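Written below as structure tokens is the structure these notes are about.
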Amino acid sequence: NNSASADDKAVKLWVDNKAYKPIVKQFTKDTGIKVDFKIGQSADAQADLKKDPSAAADVFMFPHDQLGQMVQAGLIYQNTKYEKSIKKDQTDSAVQGASYKGKMYGYPYGVETQVLYYNKEKLSADDIKSWASLTEKGKLTTNFAGDGANYKYVPLFMSNGDYLYGENGEKVKGTNFNNDKGMQVLKWIAQQKDNNGVIQSTDAASLNKMSNGKADAYLSGPWDKVTLKKEMGDKLGVAKYPTVNFGDGDKQMKTFLGVKLFGVNAQTDKALNAMKLANYLSSNKVQKQVFDKLGYVPSSKSVQASGDVQKDDVAAAVTEMAKPENSVIMPKLPQMVTFWGPSDALINDAYKGKLTSDTEMQSKLDKLVKQSTKSEK
Amino acid sequence: MQTQKLSVREALKVGDWRMKLSAIIMGTSQLLHGQILKGLWFLAVEISFFTWFFARGIKSLQSLITLGTHKQGFVFDKKLGINVLHQGDNSMLLLLFGVATILVVVIFFYQYWVNLKSARKLQELDLYHKSIPTLKEDLSALLDSKLHILLMSVPVAGVVAFTILPLIYMISIAFTNYDHNHLPPKNLFSWVGFENLGNVLGGDVASTFFPLLGWTIVWAIMATVTSFLFGVLLAMLINAKGIKGKKVYRTLFILTMAVPQFITLLIMNNLLNDSGMVNTMLMNWHVISHPLPFLTDGTWAKVTVIIVNMWIGIPATMLVTTGILQNLNQDQIEAAEIDGANKFQIFRDLTFPQILFVMAPSLIQQFIGNINNFNVIFLLTGGGPMNSDYYNAGDTDLLVTWLYKLTIDAADYNLASVIGILIFTLSAVFSLFAYKRVNKMNNLG
Amino acid sequence: MAEIKLEHIKKQYQNASEPSVADYNLDIHDKEFIVFVGPSGSGKSTVLRMIAGLEEITDGTFTIDGEVMNEVAPKDREIAMVFQNYALYPHMTVFDNIGYSLKLKKTPKTEIEERVHQAAKILGIEPYLERKPADLSGGQRQRVAMGRAIVRDAKILLMDEPLSNLDAKLRVQMRAEITKIHKRMGATTIYVTHDQTEAMTLADRIVIIDHGDIQQIGTPNELYNEPTNTFVAGFIGSPAMNLLEVEYYDGMLVSDEGFSVTLPQGISKQLTDKGYEDKKIVFGIRPEDLHLDPIAMETYVGGKFTTQVEISELLGADVMLYTKIGNSEIVVRGKGSDYVAPGTAIQVAANLSKAHYFDAVTTNRII
Amino acid sequence: MAEIKLEHIKKQYQNASEPSVADYNLDIHDKEFIVFVGPSGSGKSTVLRMIAGLEEITDGTFTIDGEVMNEVAPKDREIAMVFQNYALYPHMTVFDNIGYSLKLKKTPKTEIEERVHQAAKILGIEPYLERKPADLSGGQRQRVAMGRAIVRDAKILLMDEPLSNLDAKLRVQMRAEITKIHKRMGATTIYVTHDQTEAMTLADRIVIIDHGDIQQIGTPNELYNEPTNTFVAGFIGSPAMNLLEVEYYDGMLVSDEGFSVTLPQGISKQLTDKGYEDKKIVFGIRPEDLHLDPIAMETYVGGKFTTQVEISELLGADVMLYTKIGNSEIVVRGKGSDYVAPGTAIQVAANLSKAHYFDAVTTNRII
Amino acid sequence: MKNKNKRTRMIVYTILTLLAVVWVLPIIWIVLTSFRSEGGMFVDYFIPHHFTLDNYKMLFTNSTYPFGRWFMNTLIVAVVSATLSTFITVVMAYSLSRLKFRWRGRFLQGALVLNMFPGFMSMIAIYYILKAIGLTQSLVALILVYVAGAALGFYVQKGFFDTIPISLDESAMLDGATKWDIFRTITLPLSKPIIVYTTLMAFTGPWMDFIFARVIMGDNIQNYTVAIGLYTMMTRESANSLFMAFAAGSVLIAVPIIILFIALQRFFVEGMTSGAVKG
């Protein structure tokens, strides 16, 4: 079953959008490799693969933070064949996202960050430079107290100079949120409860508030662009994150950077064809096509720099945010699973005012660090 | 003409050669007594079992002990220019099929026993010179004295395949180190005994386990009792004498059962949001000035899930209760009226006990179901709001939803299985106790 | 005080073609013991259930002590009732079944205990107090049903065949108990039975019903001695009164089948006066007014006739002779010593002054 | 052919402290009509249910025509049964209820029609064939239950108080029908009743049960005239035999309460011979063997005694005098003309040669 | 007296109506949402500003979400599994309520216990069992799993059977009925309400289950049921824009179930054709 030359068999592909269909057709035309095209959710890739690798796709999309577990469970094929060209074409962050412990596995085809959406009629470009002026002049709708606060606000710690799993996100013992800087951040979060410019809302409700003018600013990803554009039209402004002041000066507020990857199933019996397809789908040409059709922000240096991308305000904002000074690559260590839940809880509780004393905050931070950095047995 | 029953053991001792041969070659006795079809069946069972056993079964049992020895690995293939996968053993599948093999063996021995018993019966009939049942008689017995066999064997087979087998498999996992460090197919996992149990009960997981256990029990009781009580009340209201449009009301309530839970719960989530419609409306009417934290405050959220669960659970109870109400013995109710009972007393002393009697088993089941009520919590709050005192759990998380997070996110299947077993033991003890009580109450005509 | 008045009461079940009770009129005095008798399906239970409030009254007025009760809920009527089918509460013990009404009235526990035990003792079901109804025999269940009614001090007591499942001895005993209970409680009582003896011994007045119509109301003696029509005549008395269709003619009663007796002058004069000469009438005579002994033959010469014995039943002290003249059956009740083998023809003397005479068309009594 | 044999049959309900039936032995011949009588709760229904196969036999052997049936399924016993509580199928019409067993046997439709109608006609329930059981009166339901049993040509017919809810007239009629049905079907029949008359008139032999024990088996006459013990004596006959505990002494029977009679020589000799001189015995005399008329006073001189009337019941032709000597009750049955007002003391003459004499300890009959 | 009755009746009507509103509002909200053209998942008003049928159209034209196909799949699964499940549940309930056999008590307890292990934990095992018999990703597999589950869900039904007087069975036995005849001709006709209930429950299951079905179907979108289909619409990226289509899908799911409920209510209402007769 490890003969990689079964050319006649179709390569099974999972992508999350049928816009890929003509692209894949072209691929088949060019190479003669048949592709079994299936729609599936990239976020479910890991679970579906884990469930039954032999029945899963040969090539699949997935967000890079699942890479750690996939490697750990032996689900994903190492990318040796196209490593070089990828390193050459793609941004450094994308390459980093596709690699784990020094080896490359993924085929990056896009990046994703959060950006700031705002109402141009209410807020000027200056107003949105800092969190303080933003929330003074306008109202920011966000979700400190619910699910997803971790995704949005954990990078605050890194904005203030802390590390999550070390500098490159691969060091189990590398989290240091429980230092003074971390305390500063946590206290800052707690203060937001009394900030009249911050409205607590779920994401769905935030969109609605933006549309009907009850809120003026909103932190979210490119996927909300379509809705907001439809509702707000020209009023919609997109920008990079503001700065925040945790007590000792303005610092750039950071966001998580996600890299979108194609992967090849380790159990595939048509490895070469699969790799070829994965590589094709992450090629510059396809990235450009996909950007045109779907607005996925590309991870290729050249495509990012192209005029079309830069003309698009969201894409421009994302590429800006994707720069290392504005974002942190989301760690892909399997241990992340032990971090997500507790960090969400911590931010929620801090915002809701449940952590009443400094010592409590400190002990909660200690606990978070301890729980999420337990080394492997 | 008193007949003495022979036990199988005695029959083997005193029986003739046909009986004795049956112990080795199944079906002999039946064949030689003219029960051809029955005999052939037993014979076929034996032959196919042993063929399979020597071909596959033995190996499967061996693998069950080791749970695999070959790890998967990659070898560089010069021709292709890439590393190529060498399949290893998959511990998970070995475990699953090992368990299945054991079940097959058990079933075979059961068949073997049936074969012996049937041979014994033939022996006995011989002894008292009675006629051997013909195929037709055997078949017609299936419609009468052995009807339970006819009716139940297919469902029970389903239960064995789709409930018992997975269950044993799941329980077995608790004794392995199947966690995020030993994920198949790349890694093998192996038996570790009771280590995991210690980890759950002693480790830092415990500080989350016990509070969640507490809430799970509170939730299960509240969810079951409220749905039941109010469901019965609603049924009483709708079915009250002189109320017109019973059918319309009933239909309105039943509507909720027609919409999938994941939809209604999503909508509930929407409506009860901090800035959801309920809060918006209350604020517009100036009933409140700040949004009520239906889902964002721990205590509020707990109450909310119970109430929303009522919204889901009451119509079902109402429906069953209506059925029961209409079948209640009218005479007894008349007698009670004459005895001077008012409507409420009739309800309390007659209607309710009888509804309870009919529903008691299902209530126990609902209670267990609520302990494991994944849907409502998962879809409505997702366990939230998160609680920083817990390990990866929120205020409304039940043990199961927590378990789900542990498996899906953390892939610590062994821990999950231990917790599963704990929940299971707890529920089993409770329900067997409750079941005994119900049975006691059972002896009314 | 509990005077019951039924005026033009009617009951039509929805799915029945005819009314089950039609134009029922009855006054029951306070503390009276009324017995309803009538064939199966004649509407006895229906009337009872209407009085209890379990069945809606289709038409008419029902009052207790002058108050219209048609619409009052059963529980507010202060009525106790023994159901024909027991209607015990299956999930309660016998004790709880009997004590239920008391518990509802918040009677103190000790008093409930006491009263239930007392009732149970009267009914001989003390050993079963802790059992559930399902574990009792038929008769035991029926006594529990009785118990439930008698522990209450209701103003009105309704009983629907409360003794039908008891053996003769227990029945006699129970009958005596019911009399006592009635005396003690002083409840106005309506009692449905199909047992002659019960009706005769218990009733202040008996109401005879047929097809939902009252045929006659009267004391047991009245009914027995002066039945208003052939239905009552045939219904009361066991074995039933012999009824023969005959022609009255020249002071004699004659049937085509060979029956013929000569009436005493007083009677024949009355019949003639009422214009029955040459007309058909129904002649009724009770089995005990037919005699076999020689002395009677002398005494009741005019009443002598011959009949063919078909069956003789020896019942302890009595013998019952089922005889036939043509197709008409005539039952004779004699002493044990009068036993006659089936098949023989015998001479019977009728005490004609005790006989009854009915109009053949209206079936009403003439004399 | 259907001969039933019960040998050492025992029944112990799980939740009962004593066996409900203890050591029951009975041979029933083919085509015999056996009646079970006994007090409520004595185990009659239980035995019936064991025969039908509805209740497991705890111990003993039950055979039909020599074949052990203990373990045979009810449906294979070819037994028809009328249930004490009817057990009608509520969802079927009366017609379907009656025809159900025939349908199961795949009888042709037309034949079912015919047989059901025939049965319904016998039972007088033809008009209700299309109704559901809930819409019937108690007696109608009972007749449907009967109908269900009689349409089948079963070898054995069991009936548990099948007439208890019918009125006297219908009962007499039904009794006659049952006799006819029995003759026609030729089924071995066991019939449970608490009605004396039914037992006496229907039975070939009567089985008297008390507390799960057979007290006596015999023809009606045997039971009436030669009861084996005081239980049977007291149970058979209505009103029951008077039983007085007395001392036998010097040819006389004397009680502390003032009762005293002189025995005829034949009897006193027997008593003396059997060693009862100066011992307690139970003296039994039926109400109808106590006489009030002057002639009897002359005839039965030795049997004269005085007693106090407490209640007089006039029952049609008869009068029933409930009298007392001290605390012992003595019932006298007289003619209607013998009516005496309560409170008077009367002289009664007992026909001592018809009296019964029982051992006071074993309660068994001496003479 | 009459007045008092009237007043209590009015109170009952009021309560019922209020409750009905509470119960029905969310449903109406879904229906309205399914016709809404503006906004996304979340709006803070009740009645849409603009009505449209596009959401429904989208369901039947978008090839990513072959809703029509899913609908038929679900209908097939629901009908077949409801039929089989009802049969199995009723048969199990009857056996355990009425038939006497050796391991009956044990079986009842065992069945109770078996239902207690968290179901989702066995999903993977079941997936592999289905795979071993070559059935994954097919509708048959779904049906099989649902029907197998029915074998242990007999408690309500058993409770119901327990209340049918045993003397009816006895009487039928003597009439010559086999146990099977009794089941067919006595017990079943008397159990209409509970059978209807069982069928309804079994029928609704496949319309609602999204976790299990998803595991079994994997990437075979053609064989999805509506529930999986709808659930997969609700991803982070698409939830907001597809929400109205999602609501439209929900309405479409609800319709057959509601029709069935209304149609079968009669049987519930009828109850047993008449009460038990004496005893």
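Each chain carries a letter (A, B, C, D and E) given by its place in the written order, and its residues are counted from 1.
The criterion applied here is as follows: a residue touches a chain if its C-beta (ideal position, glycine included) is under 8 Å from a C-beta of that chain, and two chains touch if they have at least 3 such contacts.
This structure is a prediction, so every number in the text was calculated from the model and none was measured.
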For this session: Please state, in steps, how far subunit B lies from subunit A along the shortest route of touching chains.
Result: 1
Exercise. How much rotation, in degrees rounded to the nearest 5, is required to superimpose subunit C onto subunit D on the basis of Cα coordinates?
Worked result: 180
Exercise. What are the two chains with the top count of C-beta contact pairs?
Worked result: B-E
Seminar exercise, completed: Note, CA centroid farthest from subunit B's centroid sits on chain C
Problem set entry | Between subunit D and subunit B, distance of the C-alpha-averaged centres to the nearest whole Å | 56
Exercise. Measuring from the mean C-alpha position of subunit A to the mean C-alpha position of subunit D, what distance in angstrom results?
Worked result: 94
Exercise. Between subunit C and subunit D, what's the gap in Å when you average each chain's C-alpha atoms?
Worked result: 22
Exercise. So which bits of subunit A are touching at least two other chains?
Worked result: 202, 204-205
Seminar exercise, completed: Within subunit C, the set of residues that touch 2 or more other chains is 73, 85, 135
Problem set entry | In subunit E, residues with contacts to at least two other chains | 41-42, 44, 124, 128, 165, 178, 181, 272, 275-276, 278-279
Exercise. Which of the residues in subunit D come into contact with subunit B in the complex?
Worked result: 15, 61, 66-68, 73, 75
For this session: Flag every residue of subunit B that touches subunit E in the complex, lowest number first.
Result: 92-93, 96-97, 100, 140, 143-145, 147-148, 150-152, 154-156, 158-159, 161-167, 169-170, 234, 237-238, 240, 242-243, 246-247, 249-264, 266-268, 270-271, 273, 275-277, 280, 311, 315-316, 319-320, 322-331, 354, 357-362, 364-365, 368-369, 371-372, 374, 400, 403-404, 407, 416-417, 420, 423-424, 427-428, 431-432, 435, 442, 445
Exercise. Any idea which subunit E residues touch subunit B in the complex?
Worked result: 5, 9, 12-13, 15-16, 19-20, 22-24, 26-27, 29-30, 41-42, 44-46, 88, 91-92, 94-95, 99, 101, 108-109, 111-122, 124-126, 128-129, 132, 144-145, 147-153, 155-156, 158-160, 162-163, 165-166, 178-181, 183, 193-194, 197, 200-201, 204, 207-208, 210-211, 227, 230-231, 234, 246-247, 250, 253-254, 257-258, 261-262, 265, 268-272, 275-276, 279
Exercise. Contact residues on subunit C for subunit D in the complex?
Worked result: 13, 15-16, 37-41, 45, 84-85, 135-140, 142-143, 160-161, 164-172, 194-197, 200-201, 220-221, 224, 234-235, 237-240, 286, 288-289, 313-317, 333
Problem set entry | Residue numbers on subunit B that touch subunit D, as the complex places them | 1-3, 144-145, 443
